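Note that the chains take the letters A, B, C, D and E in the order they are written out, and that residue 1 is the start of every chain.
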Amino acid sequence: MSESYEYILETEHVSKSFGSLEVLKDINLKVKKGEVICIIGPSGAGKPTYLRSLNQLETITSGKIFIKGDLFLHREKDHTIADVSKAQRKALLLEMGMCFQRFNLFPHKTVLENVMLAPITVKKEHPQQVQAEAMELLESVGLADKANEYPSRLSGGQQQRVAIARALAMKPEIMLFDEPTSALDPELVGDVLQVMKDLAAKGMTMLCVTHEMGFARDVADRVLFMADGIIAEEGRPEDLFTNPQNPRTQAFLKSVL
Amino acid sequence: MSESYEYILETEHVSKSFGSLEVLKDINLKVKKGEVICIIGPSGAGKPTYLRSLNQLETITSGKIFIKGDLFLHREKDHTIADVSKAQRKALLLEMGMCFQRFNLFPHKTVLENVMLAPITVKKEHPQQVQAEAMELLESVGLADKANEYPSRLSGGQQQRVAIARALAMKPEIMLFDEPTSALDPELVGDVLQVMKDLAAKGMTMLCVTHEMGFARDVADRVLFMADGIIAEEGRPEDLFTNPQNPRTQAFLKSVL
Amino acid sequence: MNEQVKQMPAWKKTLAKVIGVVAIIVVVAGILCAVKPTKETMIAQASDEMQEMIKEDETSTRKRVTTTYNSLIVINYCSFTSSGQVTLNEKYVGFAGKVYKADEGAAKVAGQMVNYTYRMLGCGENILHGAKLTIVLTVLSTIFGVVLGTLLALGKMSKNLILSKFCQAYIFFFRGTPLLIQLFVIYFTVPGICGFAWRDLFSAADNEAVYKGAFLAALIAFALNSGAYCAEIVRAAIQSIDKGQMEASKALGMNYRQSMTKVIIPQSIRRMIPPVCNEFIMILKDASLVFAISLMDITTISKNIMTSEGSYLVFIPALVIYLIITGVFTFIFNKIEKKFSVYE
Amino acid sequence: MNEQVKQMPAWKKTLAKVIGVVAIIVVVAGILCAVKPTKETMIAQASDEMQEMIKEDETSTRKRVTTTYNSLIVINYCSFTSSGQVTLNEKYVGFAGKVYKADEGAAKVAGQMVNYTYRMLGCGENILHGAKLTIVLTVLSTIFGVVLGTLLALGKMSKNLILSKFCQAYIFFFRGTPLLIQLFVIYFTVPGICGFAWRDLFSAADNEAVYKGAFLAALIAFALNSGAYCAEIVRAAIQSIDKGQMEASKALGMNYRQSMTKVIIPQSIRRMIPPVCNEFIMILKDASLVFAISLMDITTISKNIMTSEGSYLVFIPALVIYLIITGVFTFIFNKIEKKFSVYE
Amino acid sequence: GSSSEETTKESSVAESTDETQTSTIDVSDVEFISDGVLTMGCDANYPPFETIAEDGTTPIGYDIDVMTEVANRLGLELNVVNTGWDGIFEGIDVNYDVVCSGVTITEERKESMLFSDSYITNYQTVVVPAGSDLKIESLNDLDGKTIAVQKETTSDIVMSDLKSTNTIDVNIVQNEKVTACFTQLTNGEIDAVVCDSSVADSYVASQSDVYEIAYKDKEEAEVFGIAMGINNTKLQAAINQALADMEADGWLEETRNYWFGDDTE
């Protein structure tokens, strides 16, 4: 793995179709280490599909994905042109953590077990060591006291914070968030956003699909406006929110603000 | 039925428990015909339970409910003290229409059939007559062109508008809304709120549980703040939003605005 | 033709292939059918000795020769067997315009297959025999079972405690005890106690009244049993419908009955179909239990043939027939399911 | 005591009642057991004529008298029957310290019930007889079926087309053909083809080798069959788990195997339990098919008793035993289900 | 088996029965499933030929007695394997050496197995409800009637034959067990039962108010034999020898009388 790289994550000409439906059309993006990027846009734009393409939950139709400067995957017309070895692939994927809109906690495991599962099974780390780290993470999201509860006993906001802790337990360098607060009651949103802000402040590289314009404005280094599978506009939040150039961006911002 | 009444809907000392959990505690409310009331409050406050108690989806533990000046139901300690005849009960219940957070359209029927079903089965109206009225209603919510689609083909916002049309097809005098927009993508919220605003403008009596503070501010005649099963504060929106008295209201408004 | 195929989308290619194969099969079968030796030709094969015996039989009160003629689409089989002290046995297979002696080798096996298949299908037998019995019993039991099951499920979910307990007990009882015993009791014990005979329910002139009576008893037993199983299927399907549907119906002023018939049950039908299909297959196989009350389904016939001829080859046509029935009905159930999922 | 009960919550009241009733039953049964007439007392009842015949039998190769002694917890039954054209028959029931002649009325029915129950439970028989056979076969088939079914389900869902098609074909075949025929083929045909005998798998000196061999064959047939049914159950359960669970596991870096074993399968177990319980009950009743390969389960024994004694009363103990087995195992399955739902 | 055992057995036979002493038939060159044991398969559900006694374990009946004696005369122990009727012949030489279960000797069966000489003869018998006005003078008089038979018995074969040769038109209800036939007769489902005379006799004897014998066909004899593997000619010879001895010294007749009364041959 090349240890010196300019961009921690890079996509070139990424496209993705579901059958005849082209959801992503030629997405290019370069992300520097420590950058916080918020992705906004109307529904149907393909925002979550883009995130999911990055960590291989979806396979792109064509395009290149670079992680830490390495060509991770290159596909054209649904055929793989180049990719990395299986071991490297696993290592590079572990650089990305993901949080889902619907949390997806493992309901049959307690909060603590949720956080500990992946380090133990995937990285084969020592359970005691993992447990100590997991407790620390739970502390940092303010849920140390819920460690032995089952997820079903937690509120949505708490569940999402556990999900963040669970992803962080794998010590990723990049965090992907798919609308982490849109399934939450409005008064529970704040706590989750606070955890994310803390994370950003600690220098985590973040890509975040969100409808929370306030959060984007406060935290993002860059905001992307996606519509119909392309990045229709991008810019610093202060520019994009106050002075959108693209008429679609203007219309969208008008409807949600 | 008494044709002259002061309040179209009235509840006195309404309480509701689920087992040992007291969800509503002594709720008193008088609603005048044509009034638009928004109910806000943190989750767990019992807002939807209150709405559902009004149209008998839940049976109250104790208290009195008056509809159009008639004592509709009087219960104490889980025993019915007084209620109306079965026929009258049916008639009075039909005065209330309800829209749900998750729409609850009938997935096996087309949009038009959804709207027509209740008038035909419940009121035994003539199908042709019903169809004409249903098309008018769909027109008024802007969905005449989707009449023959199945609900699954519609976006959430469209589904909610169909649900409103479906409720209106029974020609209720009071409409109950349980967070009609909270399951929607932000840019789809606008259309639904517009339909509700039109309805309010036409003089419909409305009780609406909502998280949309903007809507409450614009449309409501009165805003109730519910917390822990009681109405903690109520007032005109301009007063309640700008100058809340109760510290709980203040905290809540701070977290969501 | 090949070029044309290349331009078609994948499913059209497959369809074209399937149609092609089917067409070829139909044409070949048609030709083979047409040139198949006639019944007269086959019967004329009997040896002189046999011919003589057949002639003798015409004037005798105790006939000796059994002539079997089985025609199965493209192939036919004919055998002559004499009973008594000296048994003579001659077998012939007719195929593709020719008649073969079926005493050994491939012709013998072919002859056996035709004969076994013919008997299992219940050709030339009464209306309630073999594959016909199996299919009719299974289909009717499934239909009645679903209807009864729906009533039982509604009963079990009802707020009327007596009704609910009754339905619960019914379901527990019929699921908890073997169908074979239920069948026994209904066919043998019930008429004994109530003083009627199953065959008396049909016209005395009807030669097949015994079989029809037994079939009726079997149908009742199977339907009662399947009702108990279907009740659980229906209940699960109804309870899997989102509670919001019931609430929306109530909020629109519909009563329980209206909500059930217009909203809940129509939606739950789709979810019932896979388990009902399962239940159908169960009944299909349980149908072999009718042997206990003198009826013959496919399995019973093949068991009989095996016992009397000691040949395991008989299971090959049995398995094929079962697989065809299962396949066809699974296909039908899938079609119905798709029809009911149109709105998804 | 009454006042105390009033202060308890409802479930404690019920529990207290149940414990009370059980305790009373145990005490009464204990007393009745203790005062039950001994075997010697019962056997001494035989009339002088019978005694003489028994004595004669001791020196003859052809035994004339069958002495039956059945002890069933609180009650016992003893009978002496001579065989042949002229039969002598004496029956006695011992209960609560006394011996009753069981020739007619309640004593006769009680005697029959004890005898039938004793025989169905397979008391005094080999390990593979009656209720023992039924329970062992059903439990083992269910366990093996679930294990096999899980493998088949994973195979069917696998991306390996050959494996997937194979599993599909397996499931289609075993669900599509009758268990009875499968049983026949495995017990009779397979050893014929492969050149071994089931009983040779056990020691030649073992008198019960035939039954043990048959049981092994039955177990294999039942497990293979139940595997096909369980495969569909497991598949449905796995597919009912929210797709988000698999995505979350993948996003955390787990591979397919890890995700399945750590996340998906543990969650799906709970959903499998009700249909597996159903399958269990199915096998319980299909167990009667073992009569075809010389084994005797409860149904076979009751059918035989009915055939030889012509009494429908025999079905009463059969139904009771079945209901008890069904009840107990349903209870166990419910407990397991609850255990697996602890997190809900 | 060891000779000392045989001697003891012989002597016990000699002591216990008053029949003529015969020397043990030599079966040393016959291979048995289990050494020194004659294993017999039967469907113990056909009284009085074989059934399970009330204790639930002891097989009793005419066939059992005959085989016990045959084994005795061959110097062997008898082991009874109770098996279902379906597939009973498949078990020959696999699970047991012989089948003795009221098996009728038929030409078809002779193709796949060997039979001993007959050890009992029966006649086709028509049983009707007591007081029935059905007059039967030959099996042909069953024309147009509905009758029940036990599946795969000679009765079944004879009646099916009459039907398939178009001699008479009769409705045949085939049952797994003969009891089912009699229950059907009681319930009025059928007009008559056709079965072996020995079975009919025992039913009519025990329930003379319910059943009566309408006709006994002395022409179509029902011949029962002991079935064994198609290649087991040595065993066949040995058993035939034993049966002949038993017939000669009156053992068979005595046993027949014991089980069926004096009416049978």
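We adopt the following convention: a contact is a pair of C-beta atoms (placed from the backbone, for glycine too) under 8 Å apart; a residue touches a chain by one contact, two chains touch by 3 or more.
None of the values given here were measured: they were computed from a predicted structure.
A.B. asks: Which chains sit in contact with both members of the pair subunit B and subunit C?
C.D. replies: none
A.B. asks: Tell me, which chains sit next to both subunit B and subunit E?
C.D. replies: C
A.B. asks: Looking at every pair of chains, which has the largest contact count?
C.D. replies: D-E
A.B. asks: Look at all chain centres (mean of CA atoms) and spot the one farthest from the centre of subunit B.
C.D. replies: Measuring from the centre of subunit B, the most distant chain centre belongs to E.
A.B. asks: Quick check: how many Å separate the C-alpha centres of subunit A and subunit D?
C.D. replies: About 55 Å, centre to centre.
A.B. asks: Which whole number of Å gives the spacing of the CA centres of subunit A and subunit E?
C.D. replies: It comes to 82 Å between the two C-alpha centres.
A.B. asks: Based only on mean CA positions, could you tell me how far subunit D sits from subunit E in angstrom?
C.D. replies: It comes to 33 Å between the two C-alpha centres.
A.B. asks: Would you mind pulling out the distance in Å between where the CA atoms of subunit A average out and where those of subunit B do?
C.D. replies: 37
A.B. asks: Scan subunit C for residues touching two or more other chains and write them down.
C.D. replies: Correct list: 188, 303, 306.
A.B. asks: By residue number and range, which residues of subunit B touch two or more other chains?
C.D. replies: In subunit B, nothing touches at least two other chains.
A.B. asks: Subunit E: which residues touch two or more other chains?
C.D. replies: 86-87, 90, 180, 183, in rising order.
A.B. asks: If I apply the definition of touch given earlier, which pairs of chains qualify?
C.D. replies: A-B, A-D, B-C, C-D, C-E, D-E
A.B. asks: Residues of subunit B touching subunit A in their complex?
C.D. replies: Checking each residue of subunit B against subunit A gives 42-43, 155, 185-188, 190, 211, 252, 255-256.
A.B. asks: For subunit D, which residues count as touching subunit C in their complex?
C.D. replies: Subunit D residues touching subunit C: 172-173, 175-181, 184-185, 188-189, 192, 232, 278, 281-282, 285, 288, 299, 302-303, 306, 312, 315, 318-319, 322-323, 326-327.
A.B. asks: In the complex of these two chains, what residues of subunit D are touching subunit E?
C.D. replies: 59-62, 66-70, 79, 81, 83-85, 115, 118-119, 123-125, 184, 187-188, 191, 197-199, 204-205, 207, 210, 213-214, 291-294, 296, 301, 303-304, 306-308, 310
A.B. asks: Which residues of subunit E touch subunit C in their complex?
C.D. replies: Those residues of subunit E that touch subunit C are 85-90, 107-109, 112, 140, 146, 148, 151-152, 161-162, 164-167, 171, 173-176, 180, 183-184, 186-190.
A.B. asks: Spell out the part of subunit D that touches subunit A in their complex, as residue ranges.
C.D. replies: 242, 244-245, 247-248, 250-254, 258, 262-263, 266-267, 342-344
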